[in-house]
Each structure stands twice: as structure tokens, then as C-alpha cells.
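What follows is a single structure, and I will ask about it in a moment.
Labels run A, B, C, D, E and F following the written order; every chain starts at residue 1.
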Amino acid sequence: MKLKIIVPIISSIFNKSIAKEISNYNCQGIEFDIENLDYGTESIECEYDEALVIPDILNKAKKAEEEGFDGVVVDCFGDPGVRAAREVLNIPVVGGFEPSMLLGAGLGDRLGIVTVLPTVLPMLEGAAKRIGLDSKVVCFRYVDIPVLDLGNISKLEDALYAQSIEAIEKDNAHVIILGCTGMMGMGKKLHNRLIEESYDVPVIDPFFAAIKLIEVYVAMDLKHSRRTYMKPRDKARKWWK
Amino acid sequence: MKLKIIVPIISSIFNKSIAKEISNYNCQGIEFDIENLDYGTESIECEYDEALVIPDILNKAKKAEEEGFDGVVVDCFGDPGVRAAREVLNIPVVGGFEPSMLLGAGLGDRLGIVTVLPTVLPMLEGAAKRIGLDSKVVCFRYVDIPVLDLGNISKLEDALYAQSIEAIEKDNAHVIILGCTGMMGMGKKLHNRLIEESYDVPVIDPFFAAIKLIEVYVAMDLKHSRRTYMKPRDKARKWWK
Amino acid sequence: MKLKIIVPIISSIFNKSIAKEISNYNCQGIEFDIENLDYGTESIECEYDEALVIPDILNKAKKAEEEGFDGVVVDCFGDPGVRAAREVLNIPVVGGFEPSMLLGAGLGDRLGIVTVLPTVLPMLEGAAKRIGLDSKVVCFRYVDIPVLDLGNISKLEDALYAQSIEAIEKDNAHVIILGCTGMMGMGKKLHNRLIEESYDVPVIDPFFAAIKLIEVYVAMDLKHSRRTYMKPRDKARKWWK
Amino acid sequence: MKLKIIVPIISSIFNKSIAKEISNYNCQGIEFDIENLDYGTESIECEYDEALVIPDILNKAKKAEEEGFDGVVVDCFGDPGVRAAREVLNIPVVGGFEPSMLLGAGLGDRLGIVTVLPTVLPMLEGAAKRIGLDSKVVCFRYVDIPVLDLGNISKLEDALYAQSIEAIEKDNAHVIILGCTGMMGMGKKLHNRLIEESYDVPVIDPFFAAIKLIEVYVAMDLKHSRRTYMKPRDKARKWWK
Amino acid sequence: MKLKIIVPIISSIFNKSIAKEISNYNCQGIEFDIENLDYGTESIECEYDEALVIPDILNKAKKAEEEGFDGVVVDCFGDPGVRAAREVLNIPVVGGFEPSMLLGAGLGDRLGIVTVLPTVLPMLEGAAKRIGLDSKVVCFRYVDIPVLDLGNISKLEDALYAQSIEAIEKDNAHVIILGCTGMMGMGKKLHNRLIEESYDVPVIDPFFAAIKLIEVYVAMDLKHSRRTYMKPRDKARKWWK
Amino acid sequence: MKLKIIVPIISSIFNKSIAKEISNYNCQGIEFDIENLDYGTESIECEYDEALVIPDILNKAKKAEEEGFDGVVVDCFGDPGVRAAREVLNIPVVGGFEPSMLLGAGLGDRLGIVTVLPTVLPMLEGAAKRIGLDSKVVCFRYVDIPVLDLGNISKLEDALYAQSIEAIEKDNAHVIILGCTGMMGMGKKLHNRLIEESYDVPVIDPFFAAIKLIEVYVAMDLKHSRRTYMKPRDKARKWWK
């Protein structure tokens, strides 16, 4: 199985740690290839950013299929371009949001999402409605740290812990979903810390969820429905060279 | 009042008829300027097309604000780029969907949408959920005519009539919403034909609805909320020259 | 265009200020006529009051159509008699609630309503469900001032400001809707004060919204659907002389 | 226990058969008093009719409480004036709709309503939303017989049977609710006929349901909540002599 | 009328007080028979407990029908086995939850449930969704007292009062539903105490509600729908001797 | 990884074919153990059957954890006992329903379920509501074949195909979910046949979905939330020897 990981930003600064993170996932027999964008933004934190990264995500996704990949992971929690990519591709495509929500929904009745910034919230609320799971989300919280500052791990960990406790105590969240794929690797740490304080709630790491769910779809030979994701008709389209 | 009309395709073939249509709207004291895209597609009929037109819509929208326009109309039923544009602009921005749904919701309890092609439906279903009015939509129907073939008016009119009758009789629709701004001018014709056959239901023409609703917002000095549409943060964004 | 404004109470004390308020709306070419009720109550603050004012509202509305008016505005936030009037009339009829909700829904994802008294809340919750927009309302708040005391402008303004801040901060409202047409003219003031404190949220003035929305319906030659608002059958009805 | 039955029309033609019907209900120890309206309509078949009957219903309901009745039944399926009456009264008040829906909801998952005329449907759809049970209603059907023609029992019975079969077979209704209190006594007949054809579904007779539910509320010493039905404030109200 | 009361636990310690409580309900002409389980648990406080009591509830319910009872009350708020019992029985079967919710829904718009322990909450949330009334429930609260300790009446009364005040003040509950049939008799006491403090909200006692609702169903000759509760097919079933 | 497969019926006739089916799933490094019930029914086709199998499912599930299994699959589409088992176990537990719904929801917007018998439908409708995905289900259909007759493969295949076509054409289903784990292995066959007829929709095989989803949960070290599935308190429970 060959999976293409599109890290949908115009810089490669996260690539090394993404590769390292994947090595912890114990994905036997899967070959991963990480690719960034030529056009777009350096991080995705609102619908404006999202709009700017999607066209080149679609480029890279189409190329991945041509090169024989078995599936495409768009490494961003907001699932940018995922629906559009499914229209043009015949291989599974996932982002971070849908897999996290689906895996989380199987573990508890009330989902709490903790993301990076307030600017992301309306986008995520829309995504939850789009997927029909909005009634299970009890809170959208944020650590107030921009994506590019997530590298300050101890600050991130403290903020995630603080917001998770609020989500559990104030909003009665039963499952915590990390709301940014840039938080990769924090799921385990956060869970351990919560367990120590007797909060026995699962924590979903969205990048991990994305990798495992697409692995399942490929293994089951399942692909998105052409009734939801119909093939675009031929027409003049003018964008990239 | 100066309104920018972004016709979000890479051709200008509709511009003349759009200008003529606007002249029927009796918008006193409003100056209109029509603009097309440099990059994008020749029509918008699926989420893939939509993704490709949005970046240049945002370009044109930002330019419009800089040039002193009071509002921006994205002349497409699917509201492409409208939410992203609101994040970066301080003037009202509307597409065709939201105004049609809102005006239609004030005229009857059950809305029936008749659009161009089946490929458009999932996108519209998502838009209806996003705006929270999905419970009022009783059908999404289509005439099965691509956007670029809408010029065959008599064929379009017959198909719209046939689908509207189905919407009313089979789905118990109380209001008909034309699901493509390329159907401009058909609202009146369709309504007359329905009335002749004793179907006294209103028909919403989405481009007309868009123009009138933004006119209201500008006249009332109302603008989108910065709590829903937060300003994007500064960052590296690499796209157009 | 000739619009009838039915101020649905048995006193004319608000008429002068209503006329003055309308003069601020810059409605060119529209002739307004204000009329009160002969039977009913001196203010509308619960479902009991509402029930008592509706029959004479229907009287006045029918007379307005006979006299050649193009539309009827029932100047009360709760839309008393609006649905019943649409059944008997062939011209557009609006109250304050539906227009405010529809215009507000186009400006932000989460609506906060601030009305006069707690006795009004169940009526408004019902109205929100009736129109299918209840999922967008995040709070129903009140200033605790009876309608007839709204004339104390500075007290009203302070109370509206205080409740709006609560709506924004505690309930995460993105749009404020003033929940009584007797608050006319306060929208602008409240918005300015919120902006000063960096709360950039739109404020909907329901009477202003009503006037502008019916203006749009008349201008677009749109009228309520006869599938939702069917003509009453002839029968013995015994009420007024 | 003394119950006031308000038959909310301006004629007494149904009173005798109502009294006879009640005698079948085996209500031991309950004294019934039937009263009509002085002002209103001769039948209630749309929101316009409903609006016209409510004020005198409120009159009669208040008088009933003053005269020492223990509860008030408004003998109409649409529950006209029930919410308003609860605001002013301290004794239970029910119409036909709410009791039928509640009793029906305890007998099966999917409710089918069969009423008199299409003009009634929007009113009932609104009532179902108001009570929060709209998701359980799978169809609103009608026999197309005006209230004043319901006396043609064999025609009514055939039409009810035909519509109930449609409701069961086409809409998968599990419980049939008769949508007009003028259909009193038909529940048993319709149920027997359905059973003969192996359709083992309960049929709710709304007047019977109303009587039995208010009997329960009085017996349990339960009354509507003052948090939902707040006392109207004192004010000038000008209506009846 | 003969009603079987199944107290679905393996001990008879509550039977005497249940019999005494029923004697307060003034159920003329009804004969009651109380029965416990041979297999199951000593109290029901989670889905695990519930699973263990259901088979013998079904045993006892089938026996009740064979012995000529007219209806079966499963004396537990969670309605354990009620749906399964309806499949096999031809007489009405109720638990405590559904009757309380239905009677409560007729008294106010917003229901607050106060139960025993947090372990019960997910089960009740599921039950509210199952019956389609979850949108009316504004809170699930608990007194944190196990079922077997409910005998400490003054402690229970204080805890119920405290939680009811929270439900009213913080969650804006309009009706209080006692969430355990072991709280029988507390409804009246709690209501009186709330009234004293000017909280005029009804309190539903679930056992009382169950008895009165099944009394109504039997009196109206109504039984659950065979479209929702289809007869189980014959097959090998191996459980009790 | 060691997974326990509980086939929750009192016969072992399916065990051999289940073991064979699993061997097609290419689950490397997973050891499976299949176990039946000592008490229960020979098939599960209604809520009554379901109630009777759950206690011994819980027995077997607890034993599995004691014996060191890493997860438990209850091999039945209705998820019998799954929620109760999660309360008592510290390892993941899944049935067929939840995994199928979650995996299916990631592949298309509208889910169509095709199960065995009409008696199963209310149970599945309840399960869909419980999991909060009911708004995505567009139909519950059945092949009208009892579980024990599913061995007639060609009959089953034809019936599944016929119902799937109805689901797609009449109900506009985008994804087909096989509604009985006894249909294992039919997913691939049905999908191929649909593809041949140009219906490019995914088909979810619930047993396959269950195995792959629990594999993911174990691999990710994720377990159900203790906030949704709280530990049962100690108490007297009398059931099995």
C-alpha cells in the first residue's frame, strides 16, 4: 500500500517530524510519501486560507493517483479540498476532521474539539454540520496558539490539558478530539495526563486517525460513492501550468 | 451605491445579458460593474469547479473593496468564496444561494430547489446545512442542462416548468428556487406559467435575490459579523502575481 | 409603493415617533400610512395579549388591501396575525420577527435575541421553531422593561448594551437582534457602542428590517405562497360590526 | 371533578352529539358542561378562522375558572387559544392536538395524522413543531371534507379508511391520529375496520384523548408550568363588553 | 381493571411502600398485583444492570398477560424491557420514563430530569432520543444517591430540592421530572417546597405517571402499534426453566 | 492482537463460515477466537430476541477480558449488549452497526440499510438515533429472509441486489450498508454486481467493518470513554451459575 501525504502548506518545515510521527504508527507494509504545496499559505487558520490551498491540493492529489498511490491523506484537520478531490479521484481521500469525528463517535456520546485559534471555529462548525455529526459535538475550544507556534511543546501540552479539563468539566465532553493535525503526537501525552488526574476519556489524534482510517478503506477495497462525489464534466479550466 | 458583480468564470459570454438583466431590476442610484475571472473554469458545476474559481474570486473581491465598491455579488448560486471573502472584506458580500433561501423562507414553509445538473446537488445540500435551513428544503431537483447550454431558453423554460410541477405535486414544495444564477430572468416566466395552471407559488430568481438583498444590507448599513467571519491573520500566502 | 403600517395596539402614542423613524430609512417613492387598532391591548407582551390583538389586525389588513396598499407591515416583533393575514390577503404581509431572523441569518452563524420581558420568551421560541431557524438562535435575553416604558431611552440603551455583551460573551452570539419593534432606532446606537468596545457584531432593528424586506418583496413582485397560506373558505364569521 | 367543554364555534349544532359521545367515555364522577362561542366562526379550518375564535375562547375559559371548573377542554384539534388560556388560568387547559400527539407517541414510533382539509395542514405542521414532536409525524393527510359536512358518517368513514391505508402503506405510519375533534366516535370504527384488514395500528380519537388526559392532570393535581405560561401583566385590554 | 406491577429487582423490600403509595392514587376499580424478579439485580443504575433484569421482566410480563391482567407497569424509570415486552404482549406495557416525558411535555416547554446517579445519565439520554423528545430536555441532573439509599427521605428531599433549583435557575427547566421510580411520593413534597419559594413548576412523579397513563390506555382500549412492535417469530429460545 | 468473536446465538452453525470469512480479511498478526452463547436464541430478529441474548453476551465478554483478549466483537448487526459490555470491560467492544455506520458515513452523504426482516427495523431506527447518525440514513429496507435462511446465497444475492437498486433509485441512497452480519461476504459480490450496472456505490459488510474498526482501536490504543460508559457499582446480581 502506498499512501501520499499532502501537507497542504507552502513550507516543508513540518515534514521531518511528520515522517517521524508516522514511524510510530506501526503501519506495516505501507509506503508513505510526503509532499507540500507550490502555491498556498504557510498555515491554514480560516476559510480564506483554506480557499487558497485547495487548488494545489487538488493538483497534488491528481498527481498522486497518476503515480499509482492507493490513497491520499490531506494532512489538515479542516479537510481542505477533500470533497473536491474525491470528485476527481478514484482512490480514497481523507483529511483529519472526518476520520477523527467518526473514530471519536465510536468511543463516546459527547465529543469535545480543542483546536488552535478562534478563527478556525466557524469552519469546523460548518464541517461538523456537513458530516451530520454536529449534534454530538458539545464544544469547540481552542488553545489560542497559531499553527506555526505549535512547536513549543510544553506550552501546547499545558494549554491542551487546560482546555480539555474545561471541555470535560464545563461542557461534559466524553471524548477529546485534537483539532489540528499539527498537534500530532500530543494525543498520547494528553491522554496520559488526563488519566493521571482520573479523567478516563479517549483523545483522538487527527493525523493518526486519518492514517488508520484510510488504511482501513484501502484494506477493505472501499472507495467514496460516486453518487455523492460525481465525476466533474470536461470543460475549460485554467489554473496551473 | 456601487456594486461589484463578479461573474466567477473565465469567460465573458454572459456579461452582456447580465447587464441587460440588471436593467430590469429598477435599482435606482446603484452603479454596477461586472468582472470575470482570469483563472478558474468556464462554468461551476461541482465542488471541484468551485474550488478552482475561489482564489481569483477572492482576488477580485479584495480589489473591489480597494476600488471603493459598497458591496460584492458573486454571481453563482453555490456562493463560492462568499464566506472566505467576508473574512477579508469589510463590505457586504453575497452569492445567489443564501439570499434566495432567506427570501424564499419568508414566503412559504417548504422550499423546492431546481438546479442544472445532478453534480451540483451534494454541494447545495451542504450549503443548505451550512446555513441551517436544510429542514425547510423539500427537494433538490435539476433540469439536466449544463450551465453553458442554458441559452436555449425554450428548452430551459420547459424543463424548469416540468421540474417545478414535480416539485409541487410530488414533493409538496410551496416555493420554487431557481438553482443557478444562469437562469436569470426565468423566474418571472416560470411564475406566469405556473399561475396559468393555477399553481400560485412564488419563484425566486437567485441573481435578482442577491442584488436586492445586498442592496438592503448596504442601505441598512449592515455588514457580516466579525464573530463569524474573523479577520485572517497575517502570514505568507503565495498565489497570484 | 404604498405601505400600510399597522401598529397593533389600541393607542396611538407611538405613531409620531414611528413616522419620524421611518423618515430615517430613506425609502424613496414609498408612501406610508400608520394605523392603530380599535380593539386589542395597549401593548403585546405574551400569547394572551397576542391573541387579543389579532382579529382587529386582520380587519385593518383586509381594509388596507381594499384601499390599494401594496403591502402590510404589522409593527410588532412577534408577527401577530401575519400568517392568518397572508391567508386572506393577496399582498405581502410581514411583522418584525421573520424579517429580522432572515436578514440576521445572512450576517452571521449564531443569533442572539434581546427582547423586553421574560413573558415574551416562550412566544418567541415558538416563532423561531415555526420558521425553522431555531437552531441558529443561541439565546433569548430580555432587558426587563415593559413595552410602555421603552421611552426611557438611556435606561433602555444601557440595558440593551448589558444584555448584548452577555449574549456575545456568555452565549457566543454573533448577531444581535432587537426583540421588540418598540426598540426602533436603538440598533444604530447599540451597534456604535458595541463597536467602540471592539465587539464588531451587527445589530438588527426589527422595524427597519420589516420595512426593507417588504420593500424587496414588493419590488420583486413576490408574494407568499398559496400552498402555505391557502385561501380561507367562505363561512359564517361573526366578529366586528 | 367539573370540566368545561368549550366548543369553539358560534353554533351549537354539535353539542348534542358531543354530550352523547362523552357518555361513552365512562368518566365516573366527572360533570361536564358544554359551551359555544358568541363571537367567532362556524368552523375552524385555517389560521384565519383560528385567530377569530381565540378571544372568545379566552373569555369562556376565564369564566369557567371563575365558576369553579377544574379544567377546560377546547374542543378543537388545532388547540386554539390553549397556550394563551394557560397564561391566564390556574386550572389545566387542553385542546385536541397535544393530548393526541402525546398519547399517540406512547403507542408507536411513527404518527400519521388524517385531518379534514388541506387548509388545515400548515397550522398542524406548525403545532407539531411547537410541541417538539414533528420528527415523529410521518404524514399529514386529509379526507377533503369540510367540518360542517362531517355528519355524513359513511362518507367520512370511507374517506378516513382510505387515507389511513395510504398513511400506513405509503408513509409507513404506525399510529393514526384523527385530525379533527369533529371526527369524534370514528376512532373505534376506523380501528375495527383496520383490524379486519390486518392493520393492527391504534387510532387516536382527539376528543377522547383530550378528556382522558385532562382527567389525568386533574387527578394528579398537575397544572401547566408558570415558567412556560407566565401570568400576563395588568394593562388596558379592550375587547368584549 | 387488573394491573400487574413488576418491580424489576430481586428483592421485595420496596413492595410494601409501593402498595401504600398506590393507595394514594385514588385508582377506583383497579386491582394491583406487585411482583419481583427471580433473576436480575438488586437495583438498576446502568445499562449493565438493565440488561440483566430484562429477561425475567419479560417472563413476568408474559405470565401477567396469561393470568388475565389488563396491563403491565415496569416499575423503573429507564423503561427496561418495555419495548421487548410490547412485541410479545397484547396488553399495554409502560415503564416510568415514557409516561413521565409525555405527561411532562404537556405541561411546559423545557423538561429537567433529576435522577439518582451519574451512571444513569447516558441510558436516559438514549431513552430521550429513542422517544424523540430529546430536544425538550434541558438537563439531566442527579442527586448522587444510590437507589438502595433513597429511603433516607429527608436527605433525598433536600438533594432533590437543591438539584431542582439548579435545573430551574441554571438550565431554565420549566418542568421537573423525577428520574427514578424509587422517588415515589416525593413529587408532591418537592412541588410544595418549590411553590413556597415561588417556583411554580410542575413535578412529575414517574410511578404515578405510569399508573395514570396505563389506566388511560386501558380505559380507551388503546394498545401499542403492531407496526412498531411486531410479533417475534417462533424460534428456539433457551433461557428460563 | 487477540480478538474474541462472540456469535451471540445458541448454535454454532455459522462458526465455520465465520472463520473462513475472517481468513479473507487479511488480518495479519491477529488471533481470533469464536464463541457462541449457552443461553439465548437461535437468531436475533427483534428487540425481544435481543433482550434474551444480552446477559450471556456480557458473560462471554467478561470472560474474554479475563482471558487476555484485546477486544471483543459481538457478531450481530444490532450491537446487542455492546453498550452494557463497555461499562464492565476495559477493552474495546464493537458490534456490527456502529462500525458500519461510521465507515459508511465517511464514504457518502446518504446511507441506505438493507436488512433481513421488517421486525428488525424499529430496533435499527432506534440504534441510528442512539448513535446520532439517523439524519444520514435515507432508508431501512429488508430482503424478507430470516437469518437462518440466509444460507441460500443466490436467493439472498438477488434480493440484496433488488433492494439495493430500490434504495439507490427510489431513496437516493449513496452508500449501501448490509444490515445483518449473517450477510458476511455478500458486500463484495453485491458491489461487483452494482458496478456492472453502473451503480458506483460502496457496500459495507458489517462484520468486515467491525473487525477492521476494532483493529484500528486496538492499534491506536483507544478505548471507550468512561464518561459515557461508567463502571457499574458493586451490588447483588443474580443470574448465571
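Descriptive notes on the structure:
Just so we're on the same page, a contact is a pair of C-beta atoms (placed from the backbone, for glycine too) under 8 Å apart; a residue touches a chain by one contact, two chains touch by 3 or more.
Since we're looking at a predicted model, the values are computed, not measured.
The contact pattern of D-E recurs in A-F, the pair among C-D, A-B or A-F where over half of the contact pairs coincide by residue number. Taking the mean of C-alpha positions as each chain's centre, the chain lying farthest from the centre of chain C is F. Chain centres here are Cα averages; for chain D and chain F they lie 44 Å apart. Here the CA centre of chain A is 53 Å from the CA centre of chain D. Shared interface positions of chain C, defined as residues touching 2 or more other chains, are 109, 122, 132, 228-229. Those residues of chain B that touch chain C in the shared complex are 26, 28, 94, 98-99, 102-103, 105-110, 131-133, 135-136, 168, 172-175, 188, 200-202, 204-205, 208-209, 212-213, 215-217, 219-229. By the touch criterion stated above, chain E contacts chain F in their complex at residues 10-11, 38-43, 45-52, 54-55, 58, 81, 83-85, 87-88, 117-119, 122, 126, 129-130, 132, 146, 148, 228-233, 235-239.
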